[in-house]
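We just call them A, B, C, D, E and F in the order they show up, numbering each chain from 1.
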């Protein structure tokens, strides 16, 4: 009963949330889930979500489930091309199984 | 406007007295606590509430007094505010941006932040004037957006022209209205404008005195502790960027304040702008944005490194504006206007 | 109870004056800010703290005065409150639920929310009465749960009977006690009951005057800004559901208030219920729940679409109750009781 | 040293947290991890976790690690059957590797 | 120091009166609400802000009065505070740790927490003395770290020696400075030290009276509600551990307070320590840490089960200290010093 | 264009965040992402992140993307050995695909 699908995860600066959601929906995904995050990567520590002030140093972790490999790849490619030159962020894909295929 | 020995002595005395005012002491205390590794932490919700209260209080008072006052007198100072904001950006472009190891977009973003305004520095300046019993027009704090927005817009426009040219583009036009709109929609300016409207159109006297004004000074001290902690944290970001930012952030608030004082003085001569207003305008000019400027710049100049401009403004600019510029322009005003 | 020309003129005057009271101005200001796309935001922690303070203040005062007062006088108004709450639900079942495109469970949930009570609308009404110097019994706010709980219980029971029948069931019984318990355990009613207990059994005068009462009005303005922002956001949810919800939410608070006023008037004749109490009862009846009702309904009528009932109540019902019903029932009370 | 296991992820309305946890433990899982979330799906935007007021518009993201495929499937099936007709929510399964097999 | 009938009667009277003071009523109210399943919840940000305000207020006042006062008089009470803190740990090691089913590291962590200090219990004691008009030296609250830190350090050192020996180690040395540093850097002690510095070196009178002192009592009641809710939640953790913890947590605050009273009395005889100071020292000794102690112990004695020590302190120790020890040591002081 | 990589997830007590980050970076990872969490496992309920007070009862969920299987295993082994005797916590590994291999 379970169907193969892809999960795309994007971790990036919180101020980009709105723009990335637009990009995700435009790419053809049916939805997303976002959680506040902190972290560290090539561009330094970003920890305000847990301890500090001001959205500008917070991260957001966005995950998207889609049954279409193309949609998944499109999100990854576009996010990297459009934002990751100038903004901190990472993106990756995972395999998942969903029950209600038509929901995604 | 002679800066003789007496003035200097007076400056040091005022300066030392200011170190004993709670506003500054709380800022330095926050910095010291962070420097000593303290886990002292003002929750983000409290910090944002303090900012809201501060700007509502400033807005409501402005609105209530404008209701009775002469709004025409605001024209020249408002014009001058815009000139100051833009001059600061141009100055940064002529100085900081030319220095070795400083990227043009980082420099313009930094200059934009120093041209913009810090509501808490302005509030600290208002207190100091009230404590000294020096009058200023109630609409002076409402000059804030007139300086803030032109500075941010100019910095973003110049940076985008530069980047577009660098990338071989023909320097296409940058849409200005979205930047203005984003500034006005930010939490700080929104709160001040909401306060202004409420002060202008309703009768909020009871709640103003019994709540917004009552808690104002106390919440400012809480804000100062937070800003001190934040200043220390951001200071460490500056280690990663060119040292010129520290020099710029240390010296320029004084220069900007002097420009503000000078233009304010002209408004004093031409349009009867009050001495207190001149001093406050200088402080507003000396201040650099901590709250609302950074997100606008992060979106408007995405290639600029936020460590450079936020480090400069929050880590150095604001402490210098509060600790040095506020007493400096007070004593300068007292000397110039014989207060 | 004639509504002649004078009364109408007086209504418009009171109405316009109310627009200048800070309470309403802050609500409209919040809505306007949200409508203009402002990022103004009161942190959730502050919002929840304001609700806590508001209900503690109302509870403590009630408790302190009940300590000295005549609790017997509360009986008839309490009974009437329950009648009002249930009548509102039945009315919604007879009107809204019959309209084309409106689902029965959505309609009952909406009617339940309008039968329930908004603590902040009630608080705004209390202020207005205090400002006008109109006396009301201190236990009137404690009528809140007597109207709130029966309305929610009846809406949930009716909806479940309907759903059970629709699904071919025999309409099995719905457990009532869990719904009552969940209401009483919600953060709003809990805080009011805690305040009541503290007011009744201890001596909280100093802390009441120096803290809860001191900050009450100011925090209510902060709450109003939040509710204005929220109202605008929820209004947009209503676009997705039948337009009848807007009509219902606009008209029925006035009808509900009139029912409250009528029954209050009977209690005035039979049991000497004060004119201020009658006005406040009308306002309580006109109000619709924003804070505690929705989660209870979400759990109790899971098939109902929260956009419909929360959109109706928070987006339309509460602004109408505050902006229209409060001045309306004030002027009605002044006309009827010659205040 | 690593053992195959399943991760079940449920994203749904925050007010369901308690009930879903009961369901998870009753299904035989040894624990769960929950984080506040916002998001968007077939039933509209749910973003209060990040910007607004009131739990009713917040999401919660619950993840459960279990070494039993049956437990995983049971959670998915029951959550969908019991709640996803009336409440917003999605659920999916992933493969994971755990070190301490007997912990899950 | 005879505990005759009059004293007992007086105790019951004071005890009952204390139950009517808001401080205790709010604590019990919070516990009751939680026990009844209420969803009443004070946001974490508000809780942390209350703690900040409380300790700033205590610190600023201490600093302002030390400025004028005789700091030398603090020496003996400070020494005694350290002795009390360490004695409490040793006592726990001799009693609780020997009981069946109690692990050594859990017992030492618990004793450490009871040797440490609760700022809110101390604040409640200060109010009670102020309400009764009993003088105490302004520096008494500053004894807090002198009792807190030695207790935590000794508990952690003993536990690590024990664990190291148990694991066949030779009992290698535990670094003490990191523990002291972590204590001082915690949010509670940091805020008090920041307040002390501001009180000592600046002129914060206006902001102290108009903000920190103004809101102090009210915020303490909010804190008490939170601690009541928390106490109930933690109490349930105790079900999982040996019952001896309940007995320890119920009886020992009284014993610890008596030790504090005794040493305070000696300081009264030798160095003129005030009667109010003696009472407050007893209350500080009776209190057990809720905020800053647990994280230090979690890091310092990682093998100890936090349910045991946090359950004992927050769930039982603090309610006993506030509800029983505060009135007990007041009446004892009144009897001993003929107040 | 996508490269195989590992994701290590550690859920543990919030007060360990700093130490675990040090361990992660020392093991050779290039970054991490952390979110506040609550949960329940063998050592009882830990729910303060959502409803209560005090960091001591909160969890943190840390995820690390690394292209090196050894780094992933090292993090798992060290976290378990160093902390999970005395602190609550779980750790697991997943397969993911990343676009920018050299970033991790």
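The criterion applied here is as follows: a contact is a pair of C-beta atoms (placed from the backbone, for glycine too) under 8 Å apart; a residue touches a chain by one contact, two chains touch by 3 or more.
This structure is a prediction, so every number in the text was calculated from the model and none was measured.
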From chain B, the most remote chain by mean C-alpha position: D
Rounded Å distance, chain C centre to chain D centre (Cα mean): 35
Geometric centre distance via CA averages, chain F-chain C, whole Å: 47
Interchain centroid distance [CA atoms averaged], chain B/chain C, Å: 43
Residue numbers of chain B (touch at least two other chains): 41-46, 48, 214-215
Residues of chain F whose C-beta touches two or more other chains: 35-36, 94-95
Full enumeration of touching chain pairs: A-B, A-D, A-F, B-C, B-E, C-D, C-E, D-F, E-F
Interface residues, chain E side, partner chain F - complex: 41-42, 44, 47-48, 226, 230, 233, 237, 240, 291, 294-295, 298-299, 302-303, 306-307, 310
Residues on chain A engaged by chain D in the complex (per definition of touch): 2, 5, 7, 17, 21, 25, 30-36, 65, 94-100, 103-104
Contact set on chain E toward chain C in their complex: 19-22, 25-26, 29-30, 32-33, 36-46, 214-215, 217-219, 221-222, 225
In the complex with chain E, residue positions of chain F that touch it: 13, 15, 44, 48, 51-57, 85-87
Complex contacts: residues of chain C adjacent to chain E: 43-46, 48-49, 52, 181, 184-187, 190-191, 194, 197-198, 201-204, 206-207, 210-212, 214-215
